[in-house]
Amino acid sequence: MQVKEYKPLIVAFCCNWCSYAGADLAGNNRLNYPAEVKIIRVPCSCRVNPMFVLRAFQRGADGVILCGCHPGDCHYTSGNYYTRRRMAMLFSMLDYLGIERERTRVEWVSAAEGAKFAATMNDFAEKVAALGENKRLEDLRCKK
Amino acid sequence: MQRIGVFVCWCGSNIAGTVDVVAVAEALKSEPGVVFSANYQYMCSQAGQDLIKDAIKEHNLTGIVVCSCSPRMHEATFRKTAAAAGLNPYMVEIANIREQCSWVHKDMPVGTEKAIILGKAAVAKVNLNTPLVPGESPVTKRALVIGGGIAGIQTALDIADAGFEVDIVEKQPTIGGKMAQLDKTFPTLDCAACILTPKMVDVGQHEKIRIFSYSEVEAVKGFVGNFDVTIKKKARYVKEELCTGCGDCVSKCPMKKVPNEFNLGMDNRKAIYIPFAQAVPKVATIDADYCNMLKNGKCGVCAKFCQAGAIDYTQKDELIEEKYGAIVVATGYNPISMDKFDEFAYNQSKDVITSLEFERLTNAAGPTAGKLLRPSDGKHPEKIVFVQCVGSRCDACNEKGKEYCSKICCMYTAKHAMLTRDKYPDTDVTVFYIDVRTPGKNFDEFYRRAVEEFGVHYIKGMVGKVSPEGDKLIVQASDIIANKQIKIDADLVVLAAAIEPDKSARPLATMLTASMDTNDFFTEAHPKLRPVESPTAGVFLSGACQGPKDIPETVSQAGAAASKVIGLLAKDKLTGNPCVAHSNEMMCNGCSSCERVCPYGAITYEDKEFRMPDRTTLVRRIAVVNPAVCQGCGCCTVACPSGAMDLKGFANNQIIAEVDAICK
Amino acid sequence: MENKNLRDEIIRRSGVNPTKCMRCGKCTGTCPAFDEMEYHPHQFVYMVESGDIEPLLESKSLYRCLTCFACVDRCPRGVEPAKLVEAVRLAAVRQQGNNHMTANDVPAKIEEDTPQQLIVSAFRKYTK
Amino acid sequence: MQKITRDVLVEKAVSLLENGTVANVLGWRKGEFDYDITPAVFTDKADIEANFVWNDFCGANFSKYLVQKTRKLEGKILVFLKPCDTYSFNQLLTEHRFDREKVYAVGVSCEGMVDIDKIKAIAGDGISKIVCGEMIEVSTVYSDEVIKIDAKDVLEGRCESCKSKKHVAYDELLGEEGDVIDSNRFDEVAKLEAMTPDERFAFWQEQLSKCIRCNACRDICPACTCENCVFNNPNSGVENKAAANSFEEKMFHIIRAFHVAGRCTDCGECSRVCPQNIPLHLLNRKFIKDMDSFYGEYQAGAEVGSRAPLVNYTTEDVEPCDVFEGGNE
């Protein structure tokens, strides 16, 4: 029997103005990153509700990453500063509940940082893969 | 239920090379809501777009998903295509299967599988899409310019010449600003008054321009195209419409000991005054702090002598409400206070002066009628030392000065030094500099002329200490090229003080919800591409309120701001971005969380009556989003605990549907 | 850069960042001990920055600084030259092998009532 | 144990009612048992004199009741507020949840409330009578003996680590004003933080799996005053009214804690009312502790109109990846 290699499912929320464009640039430059990374476009990282993060875990995501403009460069001037506080709080709480820290991350990726985007996704996927499947936050009913 | 069409693009081999487009189209066919699915070589081509249009009509599609390149590339294209076929353009979603799939994965099965999932996410989102229509708001065709210096004057003239009404609010009794106080202007040395005052007259006489002098902006409400502004016209105790500016009242006023701010306190004026001869409006103003009639009712001389009957001691501050489509900030700058720079003895000796004071000392209309005389004893100074960078280019932790370069000091110091040597060849003029920064047309040539033709001594070094001794000022400084410490017994020391934004800028920025940097300069919407606009729509920046600027630069920026205003006022209506936040009033608590995180001040509150099931009415505070101001970041949606606030086009349930589709 | 270690050590010990200096010379313009000095405050900062520290260690300037802190007070960039001087002084004091005596000088200093233990430890110290 | 006696409160309520200052009195009413005290609205003197209660079981925080009562009742409402209740009172005012003009607030000093479960653990079931005092006298149906318990030994958990005896809002104060206390309320959080992630997971898994989704924590919470809870909102994407499996509770409690973060005054009502005795306050306190250490000390409700850390920012804030260095490990 062939054992299928474990590939973690990763949901990446990317802001429209910097990180989504950074991901496009990674594509333009043909920079590889795992296919299990799936990007959801949001207008600003501050649009990401903690509920979305938890929902992704509930439905079986193994890692969730938020990408936004670098602090100070937000298209909406201050959105990512709120993201930074909200996610700092959420991640600290998840850690407090015993959820592995490496499953969540916030990274600032500008529209010019295609290479950083790809490298971040590779690194994140690797760290999450090392943890194995997300068992602590998933909802078993949602697994096929 | 939606009727969704899926269109998978090959992008030649760009997508089809790593993604099995036929399989993707086939797989998405069975997704809920999908009634049509097709693939084509180039969806963005005319033929591809026709394919989409035909399918919309033929299959009565209510939404479409295009699996293609990045939405940053062709979302607008496909939205137009949909609109041409009668479909609401916001019923289009793009699955990015090129930049984020075929280009980053090499393996066909992997790419195909991911493309299908991205397609499913887009289908899941479209299922929850609703048609969106951009809001429209009318534009009030009048502009407000705050500040009547050269920046405000130029902006106002340019806007008015284009045929729009402009109001200028100036806190001083006259427009003119700092430029009116200057003597000559670099690098051409034409006299400031000769080039400024004709413009001031133009403003005063322009039928499209109103001047609210001695006035301040009190409150700003509204948004781009529709600002409601309250202007406080301070009581000047003179009826503007009657005063002829003859000056009889001024000459008769017995109160002579009022420091004259126009000459920076270097001489005195009367309690009733006209700041300078070419003032616009040329109307007298009574200084309530000094007028005996206003203070204790004992005088009334000016009223007695005014033949026009313009004096009115009972005048009160007046509030004027006006509507504007655009607001231009032109609040300008001031030199910083020299109080903390003890080493230069500014507060100890009258003969240590700032450069702006030097301007007045050399100005024919100044306190010395243009003769360069020492403020302490009225003697002709023989040795003059200029010190540059006083309070500029300081460390961030330095509480005395500013971190930035004030930009104009090198040039005006060269000008002062040159003019002094020109007019008084017997004087010995030394300039201490750290660097001489003269980028600009004819600027470096100007500085070189000061050195080479006029014999100004430029010494690279800094003054460490100025000590008054007898009637001399002992200037101890370094000459770091000669590696020497030198002492000069000077008669006059002129400090090139750093400049800072006017103190009124910060409260004004709060009123306008316009952003500022830590130095209180207004920030521009984009430092390179939108340098004369504030991030707050409808607010524009002119002159030194945005950063240190000389006159040529100020005037060009003023013109640029005016052209942006004209571009806005020329429109009858503004169409907004329809992807804006909106609050469900049944669920809103009115808790103000959303308002606090909104960077645009787009959220306000109103008390709304609700009919309750038991036929009573309940008045509840609810949030209301102004769609013309909201830019659609969605920050408020997360701050809202009840989920009453949601973002059109990126709604909670839409994003969650995408998450679910990806994680299935 | 020559002497990079010593340079870094002095920068670390003084807590001063010499790269903040914009070479305006206000420190030198301020310094009351200027005439006594071979290397003046602005040169001092520049020499530390460029690692040119040997001449400073040997210079008399080092001990001419009054530590009046006028340069620290007036520096617009917050560079604090006096603290650098102090750090270079410390470096001079702590220099290895830079003793005021060698082991050969010890016998001459021994007196009758010098304790044995002191003589032994003096040899031990100055032969190092 | 309370220093202020019932009579003082009754006298105050009656006089304010009779002189027309207020039309309603929000107070504690006698229930079926001596320890079973329910919040109630009184409108007449006789009722107050007969049924108004003030003793060591009056833990209920009335602030939240004002949201609905100020809408429904005619005339002004007298409310009695213990120090911890006043923080909720201010927080609700910050959020514009009720009209201050319609409320007459009387601050009552508080010596801490007692926990009936702790008494039952000592005295056993079948309690027939309880007399409050320094020593609580408990009688049961099973014995003639009166059991005496030191009130200090059976304090509610939240009162053991009381954060403030100071009233931050009132129109009138009964009893002495106290001070903000340098409490040990974060000790329990720190203890959890010191555990390994596996231990923490096991702890919370055990606690949260007890949840029956009765929503008592939400319904009592003075920060949860939403017109319509996000979990009842079909458009929120997380609508669910009852627990379906273990994850739902986690999601519910994390989201609830997040929604009240920066607004929670740490009044402890959630843990008091939880029928399953889940230490829910430890979630809220974790957020409070984090916000204090990352963004500076902030006490929700300490003043009206203050800006909570989550609707604020500085450009130098800690990065989310660095929060783990903030104290755990």
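Here the chain labels run A, B, C and D in written order, and each chain numbers its own residues starting at 1.
In the analysis below, contacts are C-beta pairs under 8 Å (C-beta built on N, C-alpha and C of every residue); 3 or more make two chains touch, one makes a residue touch a chain.
Here the structure is a predicted model, which is why all the values come from computation and not from measurement.
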item: Chains touching both chain B and chain C; value: none
item: Shortest path length from chain A to chain C (each step joins two touching chains); value: 2
item: Chain located farthest away, centre of chain C as origin (C-alpha); value: D
item: Selected pair, greater C-beta contact count between B-D and A-B; value: A-B
item: Chain occupying the most central position, where position means C-alpha average; value: B
item: Chain centre separation in whole Å, for chain D relative to chain C (CA means); value: 64
item: Mean-CA-position distance for chain D and chain A (Å); value: 37
item: CA centroid of chain B to CA centroid of chain D, Å; value: 48
item: Multi-partner residues of chain A (each touching 2 or more other chains); value: 50-51, 55, 78, 82, 86
item: Where chain C touches two or more other chains, by residue; value: none
item: Residue numbers of chain B (touch at least two other chains); value: 597, 639, 652, 655-656
item: Interchain contacts, given as pairs of chains that touch; value: A-B, A-D, B-C, B-D
item: Residues of chain D touching chain B in the complex; value: 71, 94-97, 225-230, 233, 235-238, 259-260, 263, 307, 310-312
item: Residue ranges of chain B in contact with chain C within the complex; value: 343, 389, 391, 393-395, 397-398, 400-401, 434-435, 460-465, 476-480, 483, 485
item: Chain D partner contacts - residues on chain B that touch it in the complex; value: 584, 586-593, 596-597, 605, 618, 620-621, 639, 641-644, 646, 651-653, 655-657
item: Footprint of chain B on chain C - complex, ascending; value: 20, 22-31, 34-35, 40, 42-43, 70, 74-79
item: Chain B contact footprint on chain A (complex, rising order); value: 9, 11, 16, 20-21, 23-24, 26-28, 30-33, 35, 38-44, 46-52, 55-56, 59-61, 75-79, 82, 86, 118, 142, 144
